[in-house]
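My structure is below; once you've seen it, I'll send some questions.
Labels run A, B, C and D following the written order; every chain starts at residue 1.
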Amino acid sequence: MPSEEPIRVLEAKVAELRQMVVDGELDLKEELELLERKLHGLKEKRYASLSDWDRVALARHTDRPRGLRLVEAVTESFYELRGDRAIGDDPALRGGLARLGGHRAVLLFHHRGATAEEQRTCRSGMAKPQGYRKALRLMDIADRLRLPLVTLVDTPGAYPGVEAEEQNIAGAIAACIARMLSMRVPTISVIHGEGGSGGAIALAVADRVIMLENATYSVISPEGAAAILWKDAGAAPEAAGALRITAPRLLELAIADEVVPEPLGGAHNDPAATADALQAVIVRHLGELHVRSLDERMAMRYKRYRHAGGSRSNPDQG
Amino acid sequence: MPSEEPIRVLEAKVAELRQMVVDGELDLKEELELLERKLHGLKEKRYASLSDWDRVALARHTDRPRGLRLVEAVTESFYELRGDRAIGDDPALRGGLARLGGHRAVLLFHHRGATAEEQRTCRSGMAKPQGYRKALRLMDIADRLRLPLVTLVDTPGAYPGVEAEEQNIAGAIAACIARMLSMRVPTISVIHGEGGSGGAIALAVADRVIMLENATYSVISPEGAAAILWKDAGAAPEAAGALRITAPRLLELAIADEVVPEPLGGAHNDPAATADALQAVIVRHLGELHVRSLDERMAMRYKRYRHAGGSRSNPDQG
Amino acid sequence: MPIRRDDRGRYVEVELGRVEESLWLRCTECGELVFRRKLRETNHICPRCGAYFFLTAQERIASLCDEGSFQPLTVGHSSSDPLGFVDRRPYEERLAEAQSLTGLRDAVMVGRARVSGHPVMLAVMDFRFIGGSMGWVVGEEIATAIEGAAEGKNPFVLVVASGGARVQEGTVSLMQMAKTVAARSLLAEAGIPFIAVLTYPSTGGMLASVASLADVTVAEQGAMIGFAGPRVIEQTTGERLPAGFQTAKFALEHGIVDQVVTREALHDELGRVLGVLTEGGHAE
Amino acid sequence: MPIRRDDRGRYVEVELGRVEESLWLRCTECGELVFRRKLRETNHICPRCGAYFFLTAQERIASLCDEGSFQPLTVGHSSSDPLGFVDRRPYEERLAEAQSLTGLRDAVMVGRARVSGHPVMLAVMDFRFIGGSMGWVVGEEIATAIEGAAEGKNPFVLVVASGGARVQEGTVSLMQMAKTVAARSLLAEAGIPFIAVLTYPSTGGMLASVASLADVTVAEQGAMIGFAGPRVIEQTTGERLPAGFQTAKFALEHGIVDQVVTREALHDELGRVLGVLTEGGHAE
């Protein structure tokens, strides 16, 4: 996001100045306050008018809170469960038992990796069939132990590889979608980074779909759409707008139920506040879902996805 | 079974004689009738007093009707389903949709292979994890489509191999046992050859367990028990008796519900009659199970396996 | 409509417009110019080299169903453009063009039919219609067909010819994966069989949803079956694709489909499945 | 009771009788003679090389449970010989010998206990008792413990140390696989957690039944986890076994267990699992 540059420069200058004041070198309090107000104003102006393409950049920001780090911030305790009991364990799609705002839950989340080495083994959050089959196992555990299921979605997409095809990645994703629809416990999906296509929806067919303000959820990356439809890689920003993949747009389309505002400038500017806000929203929705009966929740979920994308008139019904 | 030899010799002689009579070379009708009666008597005497070890040999007899050939004889039509949707397809454990005495059913069976080449690819009926996971998939189909499940068991055991361990063969077998216990449709298992240990019980936890007269069902092969407990490979016949692995013994122990008599000398002497008898017994049990309610069947099955092996007094209850 | 793989695993299309105008089609496998009428007789298999050309929905229905038995469902959704999408051209234009090319409202035809005498509910996709991609209309029509199958107690047969999700409908198209899978649960609840026929191509979001959840899955010889496109795999992973990757045989060997059958055998194959599943006898 | 793998993947046992009489144990890994009392302090880990010696059921209970919290269930089945089995010696003699050696009725101890303050139902197997094999009594006691866990709404913790089925009970021992799995369904119905701890060894019919069906599966370092014994695999298939075959790490890498922990950490690990699963908060 190059347009953040002037803000970053001013921020650095203000920080320098603040240090001078602290160190007692200069009495510049008034000037400092003025500058800080100006900076805040600049930020508000800048971030109030984020383009869809800006949000794509924020969703992919390297410092954005994600994966295990986000899980640790959102939960009081987390016990990881590993393996699909058939092929192996996928570090790109993880999960376990968690306590979250006092609630017990089963958690599933994509993990892109914090270090370069980890990003390689996690394939930047592109999960393999064993990841999705581990997810199926944990969904069974959630239903068996009557624990609500919370998923944190952040993936460029499922892993496209020869072995993944051999092990039927498509079937594993389809099975996850079917299993999420048949869950008997309350289910909440939080799309907080990139919600990339089939790899994302496999974990996002829930009673409530919550998005962080600068998260995206899309059938294809803007770059992919630009290449295929515009035949021009440079059209990615335009594609990002046309595809309506950002949280505010998806709220309008009723694909997201709620958008959680991010700290000024994006979640990476205040990961702790982001985690707190996320936890509060999850807990609120869990509370709302807990008071509903099983039948009511199952019927609502069925109806929601049976009519996903809205209903339309049949102008030429035959 | 070496003690079949004299019978085989006499059989051959009688056949020669019969041919001479047919060809009109000699008028030996009376002598022939006499000999045939003698042969039948010999057989009856021989097979009426089969030892457990004799039955082990019959269960393993190379000409015994098994696998796909048996399925084709028992069913009116069979449509094979393949693959576990994750790793591959196991030719050693097969299954599909079938019609059997007018009943629709899902069928599962071990297949050892008819030719030497097929026996190699089928590992003589020792199934791999993908075989048991295909079985799980077909059990789901049976429940979904309300088709009773019929399994035909004939395996030396699950395949012991490095890859099988890597792919969690133990977990796959455990999952089959659990799934068979949770089936909502009527389930019938027919142990018709060797019922070898975990590889067999994975498909044999049913409402009704039927055994062919000369089939075996055992936690270990007699040879294995001889080696481990007797420290003497020659003790296998003794072990076969001590382990009580034959159909009549398992009927006494209430592990089998019914023993289907075989043609004189074993199933291989009349595969068609064997198949007819098997089909009739399966159809009768299906009929008996169909009139019972779901709850009744589930409760009966639970009780049966919860108390498997009988109840015993607690002489020293504390 | 010849479309075949080249030796790098990519696909070659012959321009539809010109082909439509022509009396002949050029086989991209062997180069033979084949008389159109002849192709219809051979079920759109090249008479020289045996290559499979994909079928239009209408051709597929003619090839699979008992003659004259297909009765379209009067679902009639059309022209769904939930995003008001425009790339180099408005999506509405592309839709209109595809409709005029195919004579279809969208990439699927649904209706009741008989196959070897067995009544079924049928949904047949058409690759000509924006790559057989699944947008709102396709999702809705498949879901409606499934509902009809569950109500009428007829087996549901889905013939897949789809490149995946309809990109021009953005995340709405993604939701159709959930929609069709949700509808599929009605069949399970009612104990109604679901048979999928995977043809060229069965990929992306279509394969990663309802198409992978059938009770019986038959692949047509010549099918392409996979989640990610060969080019995406090569570009993302740098892996070399093995020979026969994502073919019907590959899917069978990896336990992904139950059977592979030739186009000529498909009608009888479905008859066999339906026969063992539905004809007479005692169901529980 | 030192028991370790040699480099061919086989197992070496030191004669139990002599070891019992001795003040010292010889570590089969490093040859060190270790004072018995010292071993108890180190949780039966060789103080020189870190090798794990297996624990008796009593030692395991002392190591895992809050002090003095273990209350045995009064199940009290003993001396089950359903076949009247005799090989070179009567099975009854072997049973009596194992009972006298171990002070146990059979190869499992079941009871209520507390782990890090959490009440649990516990079943702990003992490898000394005919290889920790599962016959009628073991099956019955595990099933009874599970019933108690479901009734009392306590998590069920199963510590596996078993070579598999009890051969001397023939097909009756095979039935215990079905029995324990049947009982396991009660936990699922009641929403009660099931935690399995796999130690040395967790093999054969025990692993192929209830032991593979836990919600959470923790492997102790030094565990052996597998269906078939290494010798059987080599003899049947002619395959060479890879390094580290059937170790806890192998099981973790192949997705078969959730975690691998040291013996020292096991008590706290169970406390963590039980804490996240059961303490306070809202359950549905």
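By definition in this document, contacts are C-beta pairs under 8 Å (C-beta built on N, C-alpha and C of every residue); 3 or more make two chains touch, one makes a residue touch a chain.
What you see is a predicted model, and the numbers here were worked out from it, not measured in a lab.
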{"item": "Relative to chain D, chain with the most remote C-alpha centre", "value": "C"}
{"item": "Chain A and chain D, separation of their C-alpha mean positions in angstrom", "value": "42"}
{"item": "Centroid spacing, where centroids are CA-atom means, of chain A and chain C in whole angstrom", "value": "33"}
{"item": "Distance from chain D to chain C - Cα centre to Cα centre, in angstrom", "value": "53"}
{"item": "Multi-chain contact residues (two or more partners), chain C", "value": "212, 254-256"}
{"item": "Touching two or more other chains - residues of chain A", "value": "85-87, 167-168, 171"}
{"item": "Pairwise chain contacts, counting only pairs that touch as defined", "value": "A-B, A-C, A-D, B-C, B-D"}
{"item": "Touching residues on chain D, where the partner in the complex is chain B", "value": "72, 74-80, 82-83, 85-88, 105, 136, 139-140, 143, 165-179, 181-185, 204-205, 207-213, 226-229, 232-233, 236-237, 239, 241-242, 245-246, 250, 254-256"}
{"item": "Residue ranges of chain A touching chain C (in the complex, touch as defined)", "value": "126, 158-162, 164-171, 173-175, 177-178, 181-182, 197-198, 201-202, 205, 217-220, 225, 228-231, 235, 239, 242-245, 250, 253, 255, 302, 305-310, 312, 314-318"}
{"item": "In the complex with chain A, residue positions of chain D that touch it", "value": "188, 191-193, 212, 215-216, 252-259, 272-273, 275-277, 279-284"}
{"item": "Residues of chain B touching chain C in the complex", "value": "77-89, 97-99, 102-104, 130, 134, 141, 144-148, 185-186, 286, 290"}
{"item": "Chain A-touching residues of chain B, taken from the complex the two chains share", "value": "85-87, 129, 133, 167-168, 171-172"}
